[in-house]
Structure formats: C-alpha cells, structure tokens
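Just below sit the structures, each encoded as structure tokens.
In the two complexes below, chain A is the common chain; its partner is chain B in one and chain C in the other.
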Partner chain A sequence: MSNHDQPIFCGRYKHYRQIVGIMMVGPVTLLLSFLLITPFVAAAWWSLTEGATADLTLRNYKWLGNPSTIDAFLTSLFMGIGSVMLEIFLAVPLAILLNQPLPLRGVMRAAVTLPWAIPTVAVAAAFLWLSNTNYGLFNQIGFATGILKNPVSLLGSQHLALLSVTVAHAWKGLPLVFIIILASLQSLPDELLEAARVDGAGTWSRFRYIILPHLKASIALSAVLSGIYNFSLFDITFLLTGGGPAGKTLTLPLLLYFEQFKAFDRGHAAVTGISIFMASLLALILVFFLISLDRKKLGTKQR
Partner chain B sequence: MNPQGTSGTNEYSASSFSWLGKGQFRTTILTLVALLAVFVIIFPFFWIVLCSFKDPEQFLSLGLKESLPNTFNINSYKLALERANLSVWMLNSLIVACATTLLSLLVSTPAAFALARIRFRKKLFVLVLLISYAIPSILIVVPLFVLLAALNLSNSYFGLILVHATLTIPFSTWVLQDFYHSIPPDLEEAAHMDGANLYQVLRYVILPLSIPGVLAAGVYSFILSWNDFLFALVIMNDAEMFTAPVGIHAYFTGRNIVESVWAQLMAATTIVSLPSVILFGFFQRFLMSGFLSGAVKG
Partner chain C sequence: MKISRRELLKLSAKGSGALVLFPLLNNCGLSRTDSRSKEQARTINTWSPDTRDAALLSERWWHEAFMARNPGILVKQLTVPYGNDTVKLTAAHRAGSGVPDVVWTYDQYHYTYGIDGLISPVNDLLNEIGLDRYPAGILDGIRINDVSYTVPFVGFPFFIYYRKDLYERQGLRIPQSHDELLNNITALHEPPNRYGYILTNQAIYDTWNLRTAMWTHGAYYFDSDHQLALDREETIAAWNFYKRLGEYTPPGSMQQSDLESRELMLDGKVAHMLTTTSFAANFKDEDLKRQGAFLYPQKAGARGASIDFNGLAIPVKSKSRELAQRFIKFILEAKNFEEYLTRTEVGWIPMLKDGWNDSYLNHPRIAPVKEYLEVGRKSQETGVIGTGYFGPGPSASSLVKTDLEKQIGDRLVTLEQRPEQVLEWAVKEIRAALSS
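Take a look at the complex of A and B:
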C-alpha cells in the first residue's frame, strides 16, 4: 500500500468513508471467509478429531509418521524441488535470450508463456500421447534413430515415472518463473552492462557478476512460489499416472484425495492437507528469511 | 551487409542492452536458438492439435514416417462431439466460467477500489486476502465439498461457481487494486470538485479508466475456471453436470484405448484448449502485467 496516493474523501465525513469502504470490501470478505477460511478451520479441526465421535486425538498426526506417508512426502518434495530446478535452468537463459532485441521477440515471449493457459487435461493428454509405449513420438524417434532397442514406458516404468511427471510439472510451471525473471531483467539498467563491457568484462563475467546477482532475489521468489505450487498440485499427477506405478508417483495431494474418496478417512485426509500447508508455509518463511539475511549481509558490506 | 557484424552498425546496435554482443550474424544465431527453444516448449500442444487432424481410422502406426500427421481430416472432431457428449460438457464449462468471471469482477472491483482509494480501517480485510492467498486448493477441497453438500449445493452450477470465484477473487482484487493505484488521483479529485458524488466518480471517471485492469482480471478468472480440474472433479458428480475437463477425463479413463479413441482424445483436448488459448493470445499483454502485480496464483 503506497502512502502517496490521496484517497478521495479524505477530509470530512469520517464515518461515511468507513461505511462506504466496508460496504465495498464486504462481499469479498464474506465470500472468502465463508469459502476459504471456514474450510481451512474445518480441516484443522478434523485433523485433531476422531471421525465419528469428534473426540480430540492425535491419532491422525501419528499416522503421518507411517513409512508410506513419509514416502509420499518425499515424492512431493522431489516433484516440487525437481520441477522448480528445471524451470529455473530453462527460464533464466530463455529470459536473457528473449530480452535481446531479436525479431519476433513479442511472439516468442507469448509462446513461452502459453503453457500456463492450457488446461491440465490437455497437458496430460499431450504427455500421455507423446510418451505412449508403442505409438508415441518419443519412442518412434528413438527407434528411427536407433537409440532405443526396446520401447520405453516413460510414465509406466518404476524408474522414469517420477522424472517424467516432474518434467510435466516444469513445463506447466515455466511461464510463471519466466515472467518474473524477465521482468527483473528489464529492471536492470543497461548502463551497468555497458560500463562492464567498456571495462573489458566478457559475456560470461557480465552474466556471472552483474546479471546473476541482480536476478538472485527474483529467482528465489519465483522458485519458492512455483515450488510450493507444484508441491501441492494435484491434477497433473492424477491425470498422468494416478499415483502409479506401484505408488512411485504418489504425492501428498494424491494421498489426500485417496484417503478421502477411497479410504473414506476424513481425519487422514485433513491431516495430509494441513501438513502440505505447513510445509509450504515453512518453505516460504525460510526463503524470506534467507533473502533478508542476504540483504543484511550486502548492507554491512557496503558500509 | 556485413555478415560478421563486427562493425555493429545493424538496426539493433543502438539499443545497448544486447549484452551478448552486436551484429547481424549474432542476431541471426540467437533468433534461431530462441525459435528452436520456443518450438520445443510449445511442441506438446502443437502436437495434439496436429494429431487431431489425422485420420481416426489410421491413428496408430508403428513407423515414424506414418505417425507424422499427413492428412487433414476432421472425423476425430465429429466422433468426439457425437460419442463423448462433449457439447454438453462444453456448455457446462461455459456457464460456470462466464458466471465465475462475472461474480468475481462484480465483487472484486469495488473491493479493489476501496482498498486503493478510500481511507478506512482495512487491516482485517487485507489479512483475509493474504490468508486466502496462502491456502492451497487441495487443503480446502474436501471441507468445501462437505460444506456445499450440507447446503445442497454440490453437483450444481452455483456451487462450483462459488468455489471458482473464491479461487479467482484474491488475485482479481490484488491486480485491480494495483491498477487503481496507477490511476492519478487528481482525476477523481477534479470530478469531486466539480460536484460529482462517489457513485458518479466511479461510474464516469474510474470505470472507463479501469477497463484494461478489469479485462486482465476477467480473462484470468475465465481461464482459471475453464481449466480447473480438481474442484469440478470433486463437486460435479453427475455425468450431465461435468465440466469439459472432468468429462474428458471420465470418458477416456478406463476405456480400452483403441485407434479412434486416441483420435477423439486429441480432438477433444484441442477443443477444450481453444477458448483459453485464444483468450490468452488476445489478452496476453494485459495478463502479463497483471501477473507481476498479482504475485500470481494459479
């Protein structure tokens, strides 16, 4: 909230302003508290109670310590961190490239952000079809070029399924990271790079000592936002593998869904949801702490 | 023409932010690299669109040559629309997405204006907004399902619209309030001096100016609601009420995947993607700036 704006009606009629303001934000507040905060409180309550009797219990939290639950957590963690690393490694060079004065730059930027707009069912259909064991393009190309001797089942094999699903997440999440990094690049003054060039800095040192430090904060921000999002994302994994093969891609969101709609254990589902939220919150706090620590260090250096 | 471009006199050399270097040769190479990368990124989508025009009777083929699309055949679309009940699901999706957009804009526009322009006690509201940003969808889906069932709203348009609006409102409000901050307050003050009341200021000064922001928030809401899978899956239980993504999922899972079914899947997913992709194409610029101010959810 910036303070330099002068709201209208800032002089007289204090109560009038209060009433008008509350009337204008009222509907949103009511809707959000009713449909977001009530369910959140309900989930927290259910995670602490025994299904039928509503007695307080820690049974659900003890269940979190099960090896299968911990496995699901690790799978989610792999998916979240892996997809974000892929996104960053792709988005940084792409953003630098598409920040150059190239012909068709606008169209190419739009194309890079397109995956955001594509429905998850279509994403899933595309990846399922491309990776089809017998007829998919990946296997066809592998056979035609002689790289593959036997068909590879990218989504069906125990070793590759998690990796393939992670790649699908990265594909869907790339636009967000790309936009944040591109915007940060555009705020880098050209004079800085020009000065470095005059001083004899090569392409690599300009990247390493000017661009990368400038991007650090936005990389951290986009990584944590996208990581949390992918960590708690349900639909891509559900549509691609449904948690299989042999539970290799069973993430926490899928576990929640199956606990609720297959095992009908509301307490387990609720506690899974709460743990997803807590883990996300922890990651968020950690990253903001690291960013502020970094800022402080820089500050003392400059002084 | 100087292919090596060492003199740096091409049309772009005036712009100093080409830190990778100057010259026509470099520009050409970089453009090619960028085009290749972009092609790889849009390829999965491009591929389903291409494959949807293959002949559904000869969809599956074992050789690479035959598997590349070489026909322009719309039979897959016919099959998808006839057999898969796709038109009903598309209509459901359209109703839900349009209503979500409308509801979301209707409540978030005044809220955003109040947040940006009216001085009143709004701490509680900002808190609610921030909390709703932080809550992941998967955590609230089950309680929401129970809540809607208790209100007799599960499996209804209205229930799903409410839920989708809850997803889009925090973002819409945030984008719009950021947008209102960018409108100079002098305009309102001038109108106010001329004797306009709050309603008139809103109607004749603010509303016309806020069209770009409202468009971004609206398109965002529409795409999010149209693409949603999780909430539609949980809330819509009746095959007649499915939205397009859930309908496609229900129709194609567990089906013995034969040639014509794969072809139908390609056609159906292309159709479902079209509204989002077209809207995104038209409003991409507005959306980008919205993303940056909205800190992005979805």
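Take a look at the complex of A and C:
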C-alpha cells in the first residue's frame, strides 16, 4: 500500500474526518440556508398570516381561486409550455445542423447562443423596436412586401400579445436547449449512424430510430429546465408588455410583483410565490416520473 | 484615611485611564453621533420623478440657489421615476429609514399619500406661502377633511392638440360638443397614414383619456358624500364615447405611454391627441404652425378635463421638517419661482396666480408656446384632479391600488367589451376593494 492510499484520519483520529467535513460544508450550508430557505420560510409564513396579525389563517389561499389568479396561472402555463415547444422545435434541427462539419460552424454556434449572453433588457429593447407598430422592422417588411395593408400591433393586440411574448421567451431560452441537445448529439457514436447508413437507413430513419431516441433524455431534461425557467420568468414579460394588453400576458410572477409592490398585499404575493414554487416542483416530479416509467418500459437501469 | 499602596496604584490606574479615554470618547463616540445628527439636520434629501433635461437642470439651479442662500445646508437629490416613487416611498416609510425630506407628488398621490399616512399635513406651510396666491379650485381639489398634504407648484393641465393645417384645409370648425369632436376625428381619419385620434392606456398616469371622457360627460366614481356613484347613465355615455375614440386610434396605442404617443402626433400620424401643456416643449417652428389647441368639449353642468400638477410634500418620517419647509418656501418666493419657471420644462405652468405675469409669458422660452399655455390655464379652471370630481375622497387609494381605471380602459377598447358589462364588473371590483 502506497502512502497515497492510506486514509488521512485513522484510528483514534477517525472522527476528525467528520469534523473537517462539517467544517468544510458548514459555511456553504449556512449561506444556502440563509439565501434559499429563509425567504421560502418567510413567504410560507406570510402566506399563512394576514396583515400585521400573527394569527394563522388560510384565507390568503382563497385568493388562488380568484379568476384573475387562475387566468395568470393559465397564461404562465401557456408561456411555459409554448416556449419550450418552440425551443425544442428549433433547437433539435439547429443542433443537428451545427453538429455537421460545416464551414464557420463555431461562429454559427456562437450566434445561436448569443441571446443567452445578451442582457434581458437589451433583448426586450430589441424586440420592442422590431415589433413597434409604426416604426418597427416587422411592420415595415410587411408593408414593403405587400403582406400588410394596416400595421399590426404584435404586443398591443389581445390576440397576438401572448404569442409574441412566448416567441420572445423562446428566443431568449433557445441557447440553453440548443447547448444541451448539441452536447448530447456529440456523445452519439458516429459508428452507429454509419452502420445504419450501411444497412440502408435513410435520413428520416436515422433521425427517427437513432438520433431521436438518443436525444430523448436530453430533450426531457431541457424541457423541464426551460419549462420551469419560462414559467417563472418575470423580466422579459414585464419589459415587453407589463402584463398587458388588458391582462392578456399577466403571468404569475408579474401578478406577484403587482400584489407586492402596487397593492402592497404581502399575503397575496406570498401565496402567488408559493404557488409558482409548487407548480414548478410538480412539473419536475411529473417529468422525472415519466422518464423513470419510460426507462422501466425499455428495461434500462438508472445510473 | 489610610490608603494602601495597592489601592493607590488602582486609583492611579483608573484615573489615568479616565483621563486618556475621556477625550477619545468625546471625539469618537458621543460627539460623532452628535455631528452625524447635526449633519442629518443640515441635509435635505429630495426625491423627484422627472428625467427630462430641463426638469433636472432647473432643479439643480434651485438646489444650488438654496444652498447659496443657506450656507452649511446640503441638498441631495435623487431621481425616482414616475411609477417607482410610490413603491420606494412606501418601502422606506415601512422600513423607517431612507425616507426623503421632500417628495414630489402628482395625480392622486397628492392625497392618497396623505390618506395612507406617508406624508404629513402642510396646512401651516400653505398658510405661510399664502392661500390667496392659489386659485381656490386647486386647493379644494386636494383637501381632505380640511387637511392639505402637498404644496402645488407647477401644473400640466390637459386639452386637445389638433392639426390646425388639416382643419383649415378641410374647413373644419373647433368642436363644441363630443359629437362634433367625433365628426372631426372621422373626417381626418385616413389609416394607415393618419389616425383620427390617439388613446393611450399604458399605466395609471396614461388614463387621462378615460377620466376626461367621464368628467366631461358628468360621470364620476364617487359622489359628494364619497359614495360609489358609477352606476349612472352618464357613465355609460362616457364609456361609449371612449369606445368610439378607440375606433380611430392606431393599433397598439393602448399599450403605449403618453410620451410615445406624442412622437406619433409630431410625425403627423395622428390628427388629435389629449395631452398636457408640456407637449408644447417638443414643438419646432413647423409644429407651431400646424399644431393647434382647444378645450375638451363638456356637457352642460359637467366638469372639464383631467388636470394635474407637481406638488411638494414632506414625508411623515422626514428628519428635517423645518429645513424642508424652508426649502419649499424658498422656491415659491416670487423671484425664485419666476426664475425656476423659465428654466424648467416648457409647459409646466405656474400653479400660483402671481406666476402668470408678463415677464414669464414673454420669456424667450415661453413666448412661442404662450397660446397653448393659455388654453391649459383655462382648462385648469374647470378641471378635475385625480379622480376627485367632488374633491378627493378617502376611497381614492383603493382605486389607485386596484389599477381599476387602466383595466376599465383596456376592457372597453382592447377587449371590446360593452360598457354595461364593464360597469357591472367595475362596480363589483370597487366594492370589493373598498370593503377590504
């Protein structure tokens, strides 16, 4: 046995190992407790109290049945699911394309990941300019090509605003999904695709029976991460529409903000925060449950 | 008395310790607290919301002039933009720290801050400044139970800007009624090149169109006894009129701010717009030729357009109330006030009667837009501050917090709901807000 293989703490000093471990993990645990658990406990407490009294009540939770709260939940859900679907729909072909040996591949990959690096406020400003009814690029192109006869308000129309904000969410969230899927693609052995090609599998068959099953776990992971991210996203919606027009893009995070900082109702804001957390947690549990079911069906072991 | 050598040594040590520590304590501890509180007492912290150059530069002049007159007093200014100030002030008030000594008020905040206990009464200060210097209606419009919470200083009343050149070309007359206004709007509506009117409804401070449509039809939220009085035929008539205006507005304008809409008016994409005297500050020579102004039509017996002004208030938790009062009185001294008016945003008109003098009106910055300011002055005579049609009421805070006015506008125009439907919803919402 070499010196390197010998345990550092042995014999009567064995418990020192635990002490050192606690000393190393302790500060981080305390910091995380302070930063994560304290606000959560505070929000849970506020959600159970009303006004300045310390009496426990569930009255704040009744507010979750309010039509405007339900609308905000459905809007968040639409934005979460809609943007994830858009991101995956775009990221998979993009990742497959940029996994090929193309010229300037690095530059193109960087271009796709750019929205992730740009500050949200800049993304929002760009989108506001692009979608401006009177001076925006989208409308100008529409007029120049003759597609539009009257200007279209992408963010001011009750029918288009939600869709437009969802697209903006997807644009901002695309790089995360793209990177996860590209990384997964790079772990796919070339021999597998080569063997399929030799066996006469066409492009669609290779995608359907080799690439897609390989990407399944990455797609599920990115869907969960991106879904939760988009469900609880505040900044881009706030900057683009502020919840309008007529509350059509009012999501739960925005509702939380308005309840806390406009109506100054801490109880309602806390209940909204707790419901965002619970919805995200449920989504996470559901997706991991579905993945485990899928693995059982395939007979693979979880690593 | 016998003292042992040990006791003598102890006493000497204590004595010398005290001798050394006393001056140290005096310099560091106690006197530092003293000097800090003295410094606090000689510093005035102000919060103001406007970010335009002229507003900021004139404010700097005001502060420097005050400091020159009062050596040793420091004025510190912080810009807290419109809409953010309420949150910040409420948070500071509740935290008990960081509260300014002077805060600007506008719209319904002139009295809702007072109702919510954020700012203190200024009746004594107004008496010192001179109640007779103000038009009576202005002070009545912000007084709750004989208590005033803010000192009005510069105003921005609302009226309609219109395309004078197009009126002349098409032979249109200045409208005297709501129907005539709609006829003129229809006549000049040529989308997508030009829209007859522009409605904005982005935030609470963009809801003047709805209010003005209501006030001029004789509709109001609360009656003279502060009881909810929305369920009246005047409300339906006003909201129908508002919906009609929405038919002639550019797509998406309901999501825009008043400032964004001004760009469209200047670019010639809009023929009529309800906004304030300060729009005139944007005018170039060609705009002066083509932009006209008239008062919003009023039904017989109804009030006029929405009006607003900037007021100066002293928060309840101000640390230097006496200095804050001195600071406010300083700017309202006739000479200082005139100097300020000519330096600040063009179109911020004087709220004090003596501010309207020849020297002000003939100043090179003011003279070119004099006609617009005069229309604003007339609008001020019958206008309504905030939602206080019969003067401010204690229920106004509930309206502000629920953002109800903006939602009414959105429902009527963006969601295209019927006024009766919106009325039913609004009455329920207001009742719920009032009961909570």
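The rule is simple: the second predicted complex is superposed on the first by the 284 of 303 C-alpha atoms of A that agree within 3 Å, B and C clash if a C-alpha of one lies under 4 Å from a C-alpha of the other, contacts with A are read in each partner's own complex, and residues count from 1 in each chain.
Just so it is clear, contacts are C-beta pairs under 8 Å (C-beta built on N, C-alpha and C of every residue); 3 or more make two chains touch, one makes a residue touch a chain.
Source: prediction; values computed, not measured.
When the two structures are aligned on the shared chain, A:263 is found in touch with chain C, with no touch to chain B.
By the touch criterion defined above, A:25 lies against chain B but remains apart from chain C after alignment on the C-alpha atoms of chain A.
By the touch criterion stated above, A:246 is placed in contact with chain C alone, chain B being left untouched.
Of the two partner chains, neither chain B nor chain C is touched by A:58. By the touch criterion defined above, A:37 reaches chain B but does not reach chain C. Taking chain A as the reference chain, the count of touched residues is higher for B when chain B and chain C are set side by side. When the two structures are aligned on the shared chain, A:293 is found in touch with neither chain B nor chain C.
By the touch criterion stated above, A:153 is placed in contact with chain C alone, chain B being left untouched. With both structures placed on the common chain, the touch criterion links A:101 to chain B but leaves chain C unconnected. Applying the stated contact rule after C-alpha superposition, one finds that A:281 touches chain B and leaves chain C untouched. Comparing which residues of chain A touch chain B with which touch chain C, the overlap comprises 134, 261.
Looking at the complex, you find that chain A touches chain C at residues 133-134, 149-158, 161, 241-242, 244-247, 258, 261-264. Within the complex formed with chain A, the chain B residues making contact are 12, 15-21, 27, 30-31, 33-35, 37-38, 41-42, 44-45, 47-48, 51, 60-64, 67, 107-108, 110-111, 113-122, 124-126, 128-129, 131-132, 134-140, 142-144, 146-147, 162-163, 165-166, 169-170, 173, 181, 185, 188-189, 192, 198, 201, 223, 226-227, 229-230, 234, 244-245, 248-249, 262, 265-266, 269-270, 272-273, 276-277, 279-281, 284, 288, 291-292, 295-297.
Across the complex, chain A is touched by residues 87, 90, 191-192, 202-203, 250-256, 264, 267, 269, 401-403, 407, 410-411, 414-415 of chain C. Residue ranges on chain A touching chain B, taken from their complex, read 1-2, 5-10, 17-18, 20-22, 24-25, 27-29, 31-33, 35-40, 42-43, 46, 94, 96-104, 108, 110-123, 125-127, 129-130, 134-135, 137, 140-141, 143-144, 171, 174, 176, 179-180, 183, 190-191, 193-194, 197, 203, 206, 211, 225, 228-229, 232-235, 238-239, 253, 256-257, 260-261, 266, 269-270, 273-274, 276-277, 280-281, 284.
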